[in-house]
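The following pair of complexes shares a single chain, chain A, combined with chain B in the former and chain C in the latter.
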Partner chain A sequence: MKVGIPKGLLYWKYGVFMEVFFAQLGCEVIVSRNTNKELLNLGVKQAVDETCVPIKIFHGHVASLKDQCDLLVIPRVMRMAEREYICPKFCGLPEMIKNSISDLPMITEEPIYAQNLDQLYKSMEVFGRKVTKDKRKIKEAFHKAWKAYEESFCGIYDVGYKMRVALLGHPYNVQDSFLNMNIVEKLHDLEVGVMTEEVVPRREVNAYANQLYKRLFWTFARHCYGSGMYFAKNQFVDGIIYLSAFACGIDSVVIELLKEGIGHFPLLVLKMDEQTGEGGLNTRIEAFIDMIERRKWYESNVSSSRECVHGS
Partner chain B sequence: MYYLGIDVGSVSTDVVLLNEEMEVIEKIYLRTKGKPIQTIQEAFSLLKGRYKDEEIQAVGTTGSGRGMAGFLVGADAIKNEITAHAVAALELDHEVRTILEIGGQDSKIITLKDGIVTDFAMNTVCAAGTGSFLDRQAERLEIPIEQFGHYALQSQTPVRIAGRCAVFAESDMIHKQQLGYPPSDIIRGLSEALVRNYLNNVAKGKEIASKIFFQGGVAANIGIKTAFEKALGTEVIVPKYHDVMGSIGVAIIAKEAVEKRKGKTKFKGFTIAQSKFVSNSFECKDCANRCEIIQVLENGVEISCFGDRCGKWSEKVAVS
Partner chain C sequence: MKVTFPHLGNVYMAAKIFLDDLGLDYVIPPLSNPKALEIGAMYSPEEICLPYKIMIGNYIQALEQGADTIIMAGSCGPCRLGEYCELQKNLLKNIGYNVTFITLDVPKDIGKEELLNRIGILMNASGKSSYEGIQALIKGIKAMYLVDEIEKEVYWRAGYEVHKGDCKKILYRYRQDVFATNNPNKALVILKKYLKQIKQVEIDKNKDPLKISIIGEIYTVIESFSNLYIQERLMDYGVSSLRMLTPSWWIKDLIGKTVKLNSIGIRRASKEYLSVGIGGHARECIGEAVLAAKNGQDGAIQLFPVGCMPEIVSKAILPTISKDKNFPIMTLVMDEMTGESGYITRIEAFLDLLERRKLKVV
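On to the complex of A and B.
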């Protein structure tokens, strides 16, 4: 059986898990290509108008895969941690896809509960049965997939740079280099290293998130806020760049919380949508890095000398 | 000896020439009209003959078209608008703490402390609070943009206009026009809406300390300046060369870059005014990214390419 896995949304975090799971079940796994303009155009054409661009891109990936496989993985992720929620668009992803894209092969519509291993196994068992009746084989595939996931690291931890920034946001915004116009490479070109939330220990993320006056029940909001606070409070980086998809409701909350939490620590928010003109993005990144450089310089030689102002 | 600064913005292209004392000797303000290359050529043809190429000690470019412009003229420094605006303001007055800048497609706030930029913010996605929106409304009301501010000052009772989105603002204006409000009240309402949008959106959460400079093309609008002063309850200073602060800043940055390098300027000379530049665009079909490549030809010879993600085109041309 050919199983198609779209390279969008949570693929960027849990893709390895899905790939290994279906490969272990003896399936031929086909992952869609990296996002490109063709896939973006395809997605924009198919998806409902009001949704965010990462969801539109996911539609593009699905459309590009649908004729190549017998089973398409459209994960309906309901929950990733106890008493937490994720963006409702994930819960309704199969509906969005089914109603927008025609002639689909069989898809994985059943919900995925991933707050603990038992729940996750139960969810994955349903998927496994679409391929095989052999329960032992499913169990084995599940364990191998989980091991592969645990051994993988999808984050970025740059060392050897004089300056480093944390790149925060939903994992698909941070990892999809087409969507974020290759921001990691742009930063490297400016001789700036990058860190992502995956670097921050989970207990630290939770510790900062728990300091808020109210329980933060969105999983991604917790990750972004907690890791942002950790980076800032420990001066682990010199600034934070927050990548946010236009019209993202969760980000609108997290960004405000983070701004308040980190105080004067440098923060740049970049809004992403369908645009492919890089000018606006470049200006903001350049100015941000300029600012950090001068601030650092100033903090290390506190002086009001005129010369500090300029420079190339 | 002179220093040249060029700011290629979405609406206007500004060229300044500074003398050794960093005073503005020449100031050219042209509408870009979507043709940055031709606009720079036009500016250069005005300078050519009056200044010799050898008199130019350094040249810098800024603005959204800075990359292409920098290549075209042989810039010593290519710098973003934020830094350029800050440098120019500080050159004028070292005590400036806040810069409000509203240009054609961008609006930004820059916070300074002890002569360095400590924070900045730019408008994110919507251009409702920027110059091109005002331009469009002026055109629609058939009032020259230069007189827009004076109209606003004549108003006794401002009309409330929705300022958050250009589309909403325009329909709100039309509805109120249909009800018979005089243009001056509507224009004042629009000015206040723009300021409200700026303060609630771009400048949200930013400290706005005095001295406050108001720069960019929109600073020419006395109505907006007044609306800012009313909203902030303090004086807002519009520098004499508010509309070309970006080019002044980048001329200074270029001067320092050349001095730091202890070298000579890379300036290609005013003669590019006579060259024939043609730019073509095409879609590269070599991979699925389908990049839109801009190819610039000078007198029929390809001199530069932009727009590719992989660098295949932009790195191909041997640059002089």
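On to the complex of A and C.
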């Protein structure tokens, strides 16, 4: 059986788990190509106008895969930690795909609950049964997949640079180099190192997230906010670049919380959609890096009139 | 302590009755208006949803009238509403207002004691016993049910009325009368009187007006300012409109949820198209669309603010329902930039389409 895995959304963090799981069950795993212009256009054509660009890209990946496989993995991720949620669009992802793209092969519509290993196993068992009836085999595949996931590391931790910035945002915005126009390389060219939220210990993330009056109930919001606060408070990096898809509901909240939390720490928010031009993006990144440089090496924080120059 | 609260359609009437009975000092913000939206849009983060912006406007207009405590409902669903309180608290603090926020959240999340603690602040200020508090709450809920019942009848009967404008007259008059009195018991009597009156409005049962369901995101659907008074507009066109999401439905749903017996009809209807709850009121939206098609309505209008995450999912599903059931559905997306003329044109075009379908011209 050929199993197709679209290289979009949570693939960037958990793709390896799905790949190993289905490969262990004896399927031929087909992962879609890296995102490119063609896929984006394909997605934009199919998806609902109001969605964010990562979802549109996912539509493109699905459309490109649908004729090549017998089973398409469209994960309906309901929850990734106890009492937490992720964006509602993920919970309705199979519906969005089903109603926007025609002639689909069999797809996985069952919900995935991933708050703990038992729950995750139960969810994956349903997936496995679509391929094989052998329960033992599913169990084995699951454990191997989990191990592979645990051993994988998709974060970035650069050392040896004079200056470092933290790159925050949903994993698919940070990792998909087409969507963010290869920002990591751009920063490296400017001799700036990059850190992502994966390098921050979970304990610290939760500690900062729990300081809020209202409990943050989105998993990725917690990660972004907690790690951003950690980076800023410990001066672990020189600035934060937040990658956000246009009209992302979760980011609209997290960015506000982060601004409030980090105070005058340098923060650049880059909004991305299918119309974002690369020139503007370059200018903004360069200006931001220049600003940090000057702040760090050439200026003190006190202006001639003894007022804070930086920050709002 | 002078409390205030954000507007949500006609909740202010029930809230007034509740607060009057409790004897708390309160300020009701001026009904949501363009000025409030302007203030809200000025201070709010750009990409946050429309309800947030209108609420900020409500708060500031109420704070200018002397309020110092804001009561606000919270949630812990995947919807952004849950995060409002934190953001709004920071925002008001940053622009220089000193306010206390009392967020009434589900006990599952903040703990029963914390909830009772928060309610306790209100009860202490009122100086009433908890028995009296519950009495006041019951009165408030009763009023909410009456208000919703009246509005439902008004919007439904508008299509059938013999003398054009009867229903609208009652709609405006009852709002004025109820708001004018400070006596909770008298207010309930007035509400009952108007309910009787609306049921006696002369109607022509042989008429067959267009019937439209209003579905979508709960705030935009209930708060008529945010949807540019769509239901009142439809009354002018002689169209009967139906909306299931009301504050009283929300109360019932909240209570039903604890035993998982909430809105069974809607859940069953939505099953074919959206099998799990994805947060917000996406499932309700789908369920209502299916029910509307089944109950012989002529069409449905979906409303949601720009960027509303759950409703985007339902917007993706609605075309399939429309195709399967041969049932026209139009989506209107609202934000602070929505212009009135374009909006009216779309509604009129939709109504024309429905009319022609009905007369079998197409």
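A few remarks follow.
One rule holds in what follows: the second predicted complex is superposed on the first by the 296 of 312 C-alpha atoms of A that agree within 3 Å, B and C clash if a C-alpha of one lies under 4 Å from a C-alpha of the other, contacts with A are read in each partner's own complex, and residues count from 1 in each chain.
Note that in this section a residue touches a chain if its C-beta (ideal position, glycine included) is under 8 Å from a C-beta of that chain, and two chains touch if they have at least 3 such contacts.
For clarity, every value in this text was computed on a predicted model and none was experimentally measured.
Legend: residue contacts after superposition of the two complexes on their common chain; A:286 is shown touching chain B, with no touch to chain C.
Applying the stated contact rule after C-alpha superposition, one finds that A:121 touches neither chain B nor chain C. Applying the stated contact rule after C-alpha superposition, one finds that A:161 touches neither chain B nor chain C. In the superposed model, A:89 makes contact with chain C only, not with chain B. Applying the stated contact rule after C-alpha superposition, one finds that A:36 touches chain B and leaves chain C untouched.
Taken together, the two complexes place residues 246 of chain A in contact with chain B and also with chain C.
Across the complex, chain C is touched by residues 47-48, 50-51, 76, 78, 83, 85-89, 91-92, 95-96, 98-100, 109, 111, 212-218, 246-253, 255-257, 260 of chain A. Chain contact summary for the complex, chain B toward chain A: residues 64, 67, 76-77, 79-83, 86-87, 90-91, 94, 106, 114-120, 122, 124-125, 205, 252-254, 256-257, 260, 287-292, 309. Here chain A touches chain B in the complex through residues 33, 36-39, 178, 182, 246, 259, 264, 266, 269, 271, 273, 276, 279-280, 282-284, 286-288, 290-291, 294-295, 297-298, 304, 306, 308-312, going by the rule given at the top. By the touch criterion stated above, chain C contacts chain A in their complex at residues 45-49, 74, 76-80, 82-83, 85-87, 89-90, 94, 103, 109, 273-276, 278-280, 282, 306-310, 312-317, 319-320, 333.
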